[in-house]
Structures are given as structure tokens and as C-alpha cells.
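After this come two complexes, each holding chain A, first together with chain B and then together with chain C.
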Partner chain A sequence: MRTIRAIAGSMIRELLRKKDFYVLFIFILVLLGLLSSQTFFDLEGVSRYVKDLGYSLLMLFSFIIAVTFTAKQLPSEIEARTIYPLLAKPVSRHMFILGKYFGGLVVSVITFTLFFAVYAAFYLAGGEEGSPMLLVQGYIFGVFFLCLVVALVLFFSNFLTLSANVTLSFILYMIINGFSDSFRDLALFSKGAASVLYGAIYYLLPHFDFFDLRVRLTHAWDPLATWVIAAVAVYTFVYCSILLYFAGILFGRKRL
Partner chain B sequence: MILAWLVLTILIAPKIGAYNQAFMAGRAERDVPVFLRLFGEGRNIVSNLSVMQADLYFHGGVAHVDCDHMRQTAMGQADIEDEHGEGEKRPELSPFNILFRISEQTEITSHVHLHGDRVKEVIPWLYYSAEIDPHNVMAYTLTAFYLADRLNKVSEGIAFLREGLRNNPESWQINAEIGRIYFEHFRNYEAAERYLKRAMELQRKVPHDKFQERYVLSFLAYTYQDMGREKDALPLYRRLEKLFPKSKVFKEKIMELSSLKQNLEPETRNRTGR
Partner chain C sequence: MEEIISIKNLYYTYISGKDRVDALRGVDLGITKGEIFGFLGPNGAGKTTTIKLLLGILLPQKGELAIFGRSPSLPAARQSVGYMPETADYYRYLTPVELLNMYGNIFGIEKSLLGGRISELLELVDIKNAAGRLMGTFSKGMMQKVSFAQALINDPDLLILDEPTSGLDPVSRKRMREVIRHLREKGKTVFFSSHELSEVELVSDRIGILDRGNLLAIGPVKDLLGGRGEGESLETFFLKIIEERA
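Moving on to the complex of A and B:
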């Protein structure tokens, strides 16, 4: 546990030294401020487009930080040869991966929390029928989302270069957010072998779309049922565990 | 690899459909030069995507490709409803098909329309649509419709349409919309007649359907009738009856105005001594 904490601690210090986070934080703050100060034909309380764009930016920026930060952890350690003193200590390779995972996750969650605080302030100031319960669910789902992203990027970094890893993660993010419903409908409405094939693809894909509460938050739909949150939590845990297990195995077989 | 490509093609097809819809919403395909389609239509596409975003907001953030109430409402073809059913029904899911069930629960499929004051939420997207492409006529007419008819901002609606008319002086739609607002909201019949007649002239020069023609002619006919110019209204109702032979409304109007004309004619003859 102490090893994991030490690895995670060094990653947080790295975040504080990075400029990306500060730039994105100021950008989201200024953009939301500008958008909410905009008036249209003296209409009062027009807020949904601010909530919509705010949530999209919040998730995208958190994703960017999580991916770019996690993707370079293994390659940079190997390239700078700082991994050898670490592995010389009594740290198993699975433990090392777990340390990197929690480090990446803590960094991503801290970033997300700060972005989310800005978003929540604008969301609540927007008035209308914004539900605090939905806001809490949005935060929880954002953390689940980052758990999955960090695990996936760490898994990829065992066999992909830094740039390939970042590119693939972004492509996956766009495809799954844009076409996940199409995959599901393909599986539901096709028959026989095609249905099984599409179903298998659907089960294998990391479902970033499950965590997307943008429409619900923006248009003030009802909060999700508790069993759905629990089911998504279990899904995230299982998916991350499998990814990290295989990441550990791949890292163990890697020639350093 | 081929299979992956095929799957991707199948998945991308509906999205391309939406993109094409956005591209085509503004004008007919043959009107757009090829080089513009390749290089210069970006603004037009983004502007139409912004109108589509407004449509999405009108439906509470849920896409309904088969529902065009937002635009129809603005052109007088339908009225706002609160909720109505979905078309295609999904197969029953097994309780063990957990991922599909999660997806079903997280996704919103209800079909609702914004009503009352909440309609204001579509305005930013329509406003930006007109800002991005000042030749997007639909952005101006839709914005003015919601401002004047749903949000009680009639003067703002007229001002926005005037701005649209400056950018699109040959648009029959904007002329018709200004005429309609002058007729319905201000009872300013002279101004309504001026704009609606201009809309009628402009409409004749471009391809249009019978519903669009009805939109202009009916408001012009009502304007004439309210001005006491039944003689001018009658040919318009006859034209409308020709366009919509099954419509009882126009038949009744023609009968009403014809009998009025017959009653008026002997009086006129008596007065003039003929």
C-alpha cells in the first residue's frame, strides 16, 4: 500500500508542474463565463446551452488530461531508465501497474473535481430545474469514466507507443460516444450469427457512453435509479480489473 | 479488416444522413456549385447543424428523425404537442443481458416537446445559426416565430426578420413571416399586405410546394378580408381551393364571400343609379 501511495504521490507532483491543467482550467472558466454572460433578445434564464457545452468541455478536458498523463507513464519511465531502481525494490510488476493506475486515477480525479466544481457553479447558477441529485450522479459517473479511461490507457501502453496510445484512445472515445447506440441496435435488430457477433463486439467495447449524463443534466431529466448506478459501478470495476490484470501480465512479460 | 470497414460504414451511414440533411436544409442540391460543396459550404453546414441542435433541444435533447414538428409548427402545419409515442419497438431484453439493460436505462427515449417559457432554450442555437450563415433563411424565420408567437417578443422577432431581409432581400419566406406577424400580432393590414404581396411575387419565381403557397396566400386572403376587400380576397380563396380541393374551409370562405358580393352588388347598383 505504501508503494502504491509513493508512486501515486510522485504523479500528483508531476501534475502540479504541468501547464496543460492550468491552461484547460482557465479556458473552461473563461468560456463558461462568456457563454453565461451572453443574452439573447433580453430573454432571461436561457441556460441549457451553457450546461450542455460546459459538460461536454468538462468531460473532454478530463479525458485529455487522463489520457495524456497516463499514456506517458510507462514509456517515459522506461526511456529515462527510472524504472530500474523501482523494480530493484521489492515491488511486483502487478503492484507497479496498480501504483501507476492509482496515480493516474488520483491525478485525473483531482483535475475532474476542479473542472466539475466550475461546471457545478454555473449549473446551479443557471437556475431552472437543475437537480442537485443529478449533479451528484454526474460527478460519480465522471469518476467511473476516469477509472475506465486510465485502466484502458495503461493497458494500451504495454504494447503501443505514446502517440499511438493517445490516438487510439481518442478514436475509441469518439467512436463509442458517437456510435455505441448503433452497435446496440445492430445487435438487437440483426438475427443469427450476426446478432451474436455484434453482441460480442458490444460486450467487448469499453462503454464510455454509460457515463455520459450530458442530456440528462442539460435537459433536467429524472435522475437514474439506484440499481443502474450500482450496475454501472460493478461494470466499471469488472472491466478495470480485467484490463489491469492483463496489463500486469503483459508488463511482466515485457523485456526491459 | 474488410468486416471492420463494413461495420464502420453501416454505423457511419446514419450520421452522414444527418450531415447531408444539414447540408441540404438550406438549398436544393443543384443550386450548389461543386467547388462550393467541397470548400466553401462549411459555414452553411455548421449553420444548419445549429438549427438541428435547436430541434434537438425542442425535443428535450433526444433525437427524433421522424418528427419535424419544430419546423412544421413554424410554418403553420402542426401545433405543439406535449408527448407522443415512439415508432419502432425494440425486442424484449433478457434480464441477464445486463449491458443492454444498462444502456436502455441510461438512454432517454421519451418523445417530448418544449412548451411555454422553456421554448427559449432553442433560441441560442437559432441565433448562432443565423450569425454563422446570414443566408440561412430558416434560422431567421424560426427564431422570429418562437420570439413572436411563443415568447411574446414580437418587436424583437420583427427586428430579427428585418435583419434577415437585409441579408436575403429575395427571400419569400422572410417577407411572408414579417407579413404574418404584422397581420396576426399588430393588425397592421397595410404592412401585412405589402410584405405578403412581395412574398407572393418572390415565391412565384422559385420552386415551391402547395403548402408553402397556402401559407402565403391564406394570410394575404385573411388580410384582405379583414380590410374589407372581399373582392381581392375571393380569387385567392379560389386558388387555395384549387390547391386543396378537399378543404372545407376554403369552400365555405368562397361561398361566404360570393354571397356577400351578390348582396353588395344590387346595393351598389341602386346607389349609382344603374
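Moving on to the complex of A and C:
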């Protein structure tokens, strides 16, 4: 545990000492500020539009930070050769991966929390009904989402270059958010091998869409039932555990 | 005498597509407690591969390898090992104190002791005045000093140094030699590779000469040179043995 804490701690320092985070944070702050100012015109539906767009931006920026920050961890350790003195210490390869995972996750959650606080302030000040409980659920789902994103990117790091990793992660994000349901429909309405193939794709893909509470938050629907949150938590835990297990195996076989 | 490093018939081959490079071809080596062992060889001899195997970074393909009687791939076997890599480049967004703190925590050094240990090491490598500076601003020599300090953070029983004096000024080299000798007095074992033959000659109890994966000579410097005639320098001996093989 102390090893994971030590590795993760150095990653948090890296975030706080680099400009990327501050630039993105100020950018989203300005963007949400500008968007919220549109509500002053009292146009019907504008507040919902702001909530909708604000949530999408919040998730996208959190995703960008999580992906770019995590994806460069393994390549930069290897390129800068900082990995050698670290692995020469009593650190197993699995421990190293877990340290990088929790470091990436904590960094991503810190940024997400700050972004979410800005979003929540605009959400609650938006004038329309909005349940604070739903906001809390939105935050929890955002954290689950980042758990999955960081695990996935770290897994990809073992066999993809930095740019390929970032590109593939973005493509997956777009596909899953845009076409996840299409794979399910294709599996349901096609026959034979095609149905099996589409079904396999649907179930194997990391379902970022499970964590998307955009519509529910925008239209101020009722909060989710507890069992739904529990089911999504289990899904996240199982998926992340599998990814991290294989990330550790692949990293263990990597010739450094 | 307790054997700290034991290498028996060790082989390692790098395979990349159709290319095969035999980095180690049946190396046998034993290093006992309290010994300072200099590991020599031209570029590509297999020195760094041997060191990576000793640290569990690479796994042996054939042969046996043990440190403190255990496989180096076990993290616990590396608890008493200090390692200074050939190219020292540490996290540029950390200060030396933060780096040493991070490594100290990995070794499980108690907080109450760690602060004092870090301060002592920074003084030893003469970098205390830059203790709070980000390492991104450091010169190669300063990084090398930090590298030496981090290798000593756990007060290791076995210190593995890969080209430790490269990039260091003469004063720092002298200080490093003194530290290595002091470690021997404390019963520590030092295994170091170097191109600086004079450095090796000055501090080593025994040396080993590796070329293209084969250990060509091993023994105390005096014995090796004695067998080749009086007055021969280590450099002459080294060149002769490498050229004879070529």
C-alpha cells in the first residue's frame, strides 16, 4: 500500500506543477460562465441547454485530462528511464501498475471534482428544479467513469504508443457515446454469426454510456434507485479489475 | 564467506524480429559480502544487461541468478539493494527531497528517520543547497549526485552502480570513491560497472572483464596484472584482453 501511495503521490505533484491542468480549469470556468450568462435572457429552454452542454463539456474535459495524463505515464517513465531506479526498489510490476492507476485516478478525480463544483454551482443557480441528490449521483457516476477510463488507458499503454493510445481512447469514447445502442440493436435484429459478433462487441466495449446522467440532470428527472448505482459500481469494479489484472500481466512481460 | 551475488551459467538474448543479439553467453560470477567488484567491458559487452538481471528488471532465459540467495525478481529480495543507473534522469517536477521521500516510503523507512536520512544524504553528495529546487533545472552532474543519494536511501547491503562517475567533477568523483570505501568498511557489497579504468583500479577488490557476453577475466587487479608482467596498467591489460579476443 505504501508503494502505491508513494507512486500515486508523485503523480499528484506532477499535476499540480504543470500548466495543463490550470489552463483547462480556467477554460472550462470561462466557458461555463459564458454559457450561464445566456440564462439572463429568460429564453425558454436555454437553462436546460446550458445544463446539457455544461455536463457534456464537464465529462469531455475530465475525460481529456484523465486520458492525456494517464496515457503518458508508462511511455514517459520508460523514455526518461525513471522506471529503472523505481523497479530496482522492492516494487512488483503489478504494484507499479496499481500505483500508476491510483495516481491517475486521484489526479482525474481532483480535476473532475473542481469542474463538477463549477457545474453544480451553475446547475443549482439555473433557476429550474434540480435535485441535489441527482447531482450527487452525477458526481458518483463521474468518478466511476474515470475509474474505467484510467484503467482502460493504462491497459492500452502496454501495447500502444502514446498517440495511438490517446487516439483509440477518443475513438472509443465517441463510438460508445454515439453508437453503443446501435450495437445492441444490431445484435437483437440480426441473425447468426452477425448477431453474436454485434452482441460480443456490445458486451465487451467499456460502457461509458452507463455513467452518463446528462439527460436525467438536464431534465431534472428523479434520482436513480440505489440498486442501479450498486449495479454500475459492480460493473465498474469488475471491468477495472480485469483491465488492471491484464495490464499487470502485460507489463510484467514487457522487456525494459 | 556469504555470497551476496550468485550467477551461474547465465544467458540472455535480445530478439527483435529476425535479429538476435546474445548479450550474455554463460556467465559465472560470485560476489561475496563486503567486496567491491568492478565490472568492466566495452560498449555492448553485456554489463547493463547483467545489472538489469540482477535487479529483476529482466528475467534470465537460461542459468541461475540470485541476490542474497533469492531470485531478484522477488521484490523482497531487493529490499537491501541500492541502484544507481547509468543515465540519471529523475522526475523533473520533483525536488530531490521529494524524490528521496518517495523512495524512502517505498522502502518503508519510518517517517521519524527518513527526514534525517535525506538530510544526511544530500549533505554527503553536496547538493543540500539545491534540496528544494525542481530537478528539471539540474545539470547532468547534479542529477548524478541525486542518483547516488537515492541509491543509498535504504542504507543498502548491496549497492549496484552503473557508470557512477560519468558526468561528475573530480571532487565529486573523489567523494564517491570515499563513500564506496566507507561502505566496504561497514561490510557492504558494491558491484559497479565503469569505463573509467583508473576509477575501477582505485577502489575495486576484484574486477571482471566482460566482452560480447563472455566473462574473459576475473580476479583481484594485482593478480590479473601480475600474470601479465610487472608495470602493466589496467588499461593496457584491458585493451590486450579485448584485442586478443577480437
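One rule holds in what follows: the second predicted complex is superposed on the first by the 247 of 256 C-alpha atoms of A that agree within 3 Å, B and C clash if a C-alpha of one lies under 4 Å from a C-alpha of the other, contacts with A are read in each partner's own complex, and residues count from 1 in each chain.
Definition applied: a contact is a pair of C-beta atoms (placed from the backbone, for glycine too) under 8 Å apart; a residue touches a chain by one contact, two chains touch by 3 or more.
Predicted, not measured: the structure shown is a model, and the values here were computed from it.
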Query raised in the report: Is the arrangement of chain B and chain C around the shared chain A a clash or a fit after superposition?
Result: fit
Report task. Check whether A:215 is in contact with chain B, with chain C, with both or with neither, and answer first, second, both or neither. Result -> first
Report task. Pick one for A:17: touches chain B only (first), chain C only (second), both, or neither. Result -> second
Query raised in the report: What is the contact status of A:195 with respect to chain B (first) and chain C (second): first, second, both, or neither?
Result: neither
Query raised in the report: Which partner does A:113 reach: the first (chain B), the second (chain C), both, or neither?
Result: neither
Query raised in the report: First (chain B), second (chain C), both or neither: which does A:255 touch?
Result: second
Query raised in the report: Of chain B and chain C, which one touches more residues of chain A?
Result: B
Requested in this report: Examine A:87 and indicate which partner it touches, taking first as chain B and second as chain C; both and neither are also allowed.
Outcome: second
Report summary line: Across the superposed arrangement, the tightest C-alpha approach of chain B to chain C, in Å, is 25
Query - Complex interface listing, chain A residues touching chain B - result: 38, 40-43, 45-49, 52, 178-184, 186-189, 201-203, 207, 209-210, 212-216, 218-219, 221, 224-225, 228, 231-232, 235
Report summary line: Seen from chain C, its contact residues with chain A in the complex are 14, 52, 55-58, 75-76, 78-79, 81, 83-85, 87, 89-94, 98, 102-103, 105-108, 134, 147, 150-151, 160
Requested in this report: Show which residues of chain B lie in contact with chain A when the two form their complex.
Outcome: 7, 10-12, 14-15, 57, 60-62, 90-91, 98-103, 105-108, 120-121, 123-125, 127, 147, 151, 153, 156, 160
Query - chain C-facing residues of chain A, complex - result: 2-3, 5-7, 9-10, 13-14, 17-18, 80-82, 84-92, 95, 255-256
